[in-house]
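Next up: some structures, all given as structure tokens.
Both complexes below contain chain A, partnered by chain B and then by chain C.
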Partner chain A sequence: MPHDHDNHLDPMDARVRALETILTRKGLIETAAVDAIIETYAEKVGPQNGASVVARAWTDPAFAEWLERDATAAVASMGFTGRQGEHVRAVFNTPDQHHVIVCTLCSCYPWSLLGLPPVWYKSPAYRSRVVIEPRAVLAEFGLNLPEGTKLRVWDSTAELRYLVVPMRPEGTEGWSAAQLAELVTRESMIGTGLARVPA
Partner chain B sequence: MNGPHDLGGKMGFGPVLPEADEPWFHAPWEARALGVVLACGALGRWNLDESRHARECLPPATYYAASYYEIWIRALEVLLTRHGLVTPDELAMGHAPEGPADARRLSAERVPAVLARGGPCDRQVDKAPRFAAGQRVRAKNAHPRGHTRLPIYLAGKQGVIDSDHGGFVLPDSNAHGLGETPQRLYTVVFDAAEVWGADSEPGLTISADLWEGYLDHA
Partner chain C sequence: MTTPEPTPPDHAPFQAPWQAQLFGVTVALADAGVFTWPDWTRALGAEIARETPYWEAWLVTLEKLLAGLGVALPPEVAALAHRWEEAAHATPHGQPILLENAQG
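Let's turn to the complex of A and B:
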């Protein structure tokens, strides 16, 4: 559903301001804590976390095996823990099987690995359609998979958070993990895209 | 509950609209909403399951017309009044008297640790598992009035157990203050033809993470 993000008379602005003022006056929240939460998700946590996990899995077979067996521990070893990433499972794309992540019931998303979810991920359009017509949805992202590739859609109905490990692009032999991480897009770790192909 | 949030397979919502170079927030109030909701959660008066249930209990017309952060704020107002932290009059007036700091008020210093810890939901369950990987199961045809995490599009459908994740807090009780009552959680894989019928996409499978009590042997 479209929302006017530039409306300066947005009633939500006044509503949230009033609520924050009430809560602060009543001793329930601290402005500096609200600022610190915002700063965490605006500046510290983001898809670069997940991208470094994927790039390491591409370059380190023992890590990839660990990631497949116990993703929670594997990503925690890289420092990625916390809210909306307490329990993690990684699913690996192959030429025959492509994975896509959704939460049809709310918008569960691996915050610790990808940051805050984009608006489209939380939208009724994505949540309703990707479980019944994923190919049409992927086409709207410009992703047209070969007919022979099977699709699995993972509905995050509990507290497991999913990370798609996309296939490593061809032509990247000998690349370092840091170079490879640049190819790993947020969409490729949700399954609505592929890793970038080097120019 | 069969609420507005339970969206799998519903139609009429139009195309998915990915936004290039999407900002983290589309307005300053969205950032404040995120911070306020998380800071209030840290007060410990309710859990994540109760928050989710407050969001899905919004009237359908409100839910569908609202952005996600608006849904969060509306649900937060419900939770704050339900737990006696704010009165409806205070919300309506937009004003409240000053009060002493709550013992559990989140300080800026505690934010990194609180966010890094999150809220793990795995719990020890000693009962032997009812299901094993590879077994056929049927999701119950259940339509509880309260909170559940069994999506309606899977109710009554047959699938196969993919994996057993051990015990997890049961949202159905936890959302209503009835305790964590942990149950074993399984990933269950469903063929699209079972879920959507003969016209479904060939080769498509859908998996969901479902608690033991949601399932029967098939």
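Let's turn to the complex of A and C:
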């Protein structure tokens, strides 16, 4: 048995270190590159990217039209490009139509816009149930849609990832894009929530 | 509906450092062209479909892919993982774990 003061590696941790050692020795990866990737996705890239896209779409009709027609190019113009060359499609919520995204296969997600997915997005419960009973799942997130609102679930893939553009909250006339971006939550861009209402 | 399964406030992408490390290694391999991302997600999806927990599925998928490519074979990975465990054991708490610290 290890003493309390000993370091004890989780077996998973040891297997990851073993792979990394082999791959580094073979020159297939570099430690610095791996560290940079982790830093980027753990700390730098997050939902604030998507929020700036949404806020711009709310304030700039020409951009909104471009985002609807060719989201990949529109978000690339703001510096957000997918690492794996994947395409992005923006789906716009309206009073009649609500959109929600999922990856039923694994965890495909618009990294460049939202960072890495939260734990629940990867859970078997969310992945399977949001397709079968989306209204019940959304209700568990505290989102109760009016009965007349149609619901559409978009299944992301490695090649095509979706971004939900939530509706602009009322009472925000005259707000700047920077102010509006503060109202755009991660959940609102997944479709499990709405944009925040100004206090 | 009694217990809400997907609970919202679990926002961190990683629950342990090894998960972040594993993610970084995988993305670096895709960047280097060792495999394509669509190939990766297909393999990961197949493993997740076996109801393996998410990050464990990720690790198993990567081990299988690298074994299939002949890049890292299971006996080599297992032996090296064991050496990392030994190195951790031999390293005083608070100091960085180095493979050289493993006995033998």
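FYI, the second predicted complex is superposed on the first by the 185 of 199 C-alpha atoms of A that agree within 3 Å, B and C clash if a C-alpha of one lies under 4 Å from a C-alpha of the other, contacts with A are read in each partner's own complex, and residues count from 1 in each chain.
Here, a contact is a pair of C-beta atoms (placed from the backbone, for glycine too) under 8 Å apart; a residue touches a chain by one contact, two chains touch by 3 or more.
Not measured: the values here are computed from a predicted model.
Judged by the touch definition given at the top, the superposed model places A:Thr21 against both chain B and chain C. In the superposition on chain A, A:Ile29 makes contact with both chain B and chain C. Contacts of A:Leu9 after superposition: chain C is touched, whereas chain B is not reached.
With both structures placed on the common chain, the touch criterion links A:Pro118 to chain B and to chain C. Once the two complexes are overlaid on the shared chain, A:Arg135 sits against chain B while remaining clear of chain C. In the superposed pair of complexes, A:Ala158 makes contact with chain B and with chain C alike.
When both complexes are aligned on chain A by C-alpha atoms, chain A residues 2, 5, 10, 12-13, 15-23, 26, 28-30, 33-35, 37-38, 41-42, 83-86, 105-107, 115-116, 118-120, 122-126, 129, 137, 140-141, 157-159, 187, 192 touch chain B in the first and chain C in the second. Against chain C, in their complex, chain A makes its touches with residues 2, 5-23, 26, 28-30, 33-35, 37-38, 41-42, 83-86, 105-108, 115-126, 129, 136-137, 139-142, 157-159, 186-187, 192-193. Chain contact summary for the complex, chain A toward chain B: residues 1-3, 5, 10, 12-13, 15-23, 25-30, 32-38, 40-42, 81-87, 104-107, 112, 115-116, 118-120, 122-135, 137, 140-141, 149-160, 187, 192. Only residues 1, 4-8, 10-18, 20-25, 27-32, 34, 36-38, 40-42, 44-45, 48, 51, 54-56, 59, 62-63, 66, 71-72, 76-85, 88-89, 91-93, 97, 99 of chain C touch chain A when the two sit together in their complex.
Interface residues of chain B facing chain A in the complex, by the touch rule stated above, are 5-11, 13-19, 22, 24-29, 31-36, 38-40, 43, 52, 55-56, 64-65, 67-70, 73, 76-77, 80, 85-86, 90-91, 94-102, 105-108, 110-112, 114-122, 149-151, 153, 165, 168-169, 171, 185, 187, 189, 192, 195-196, 200-201, 203-211.
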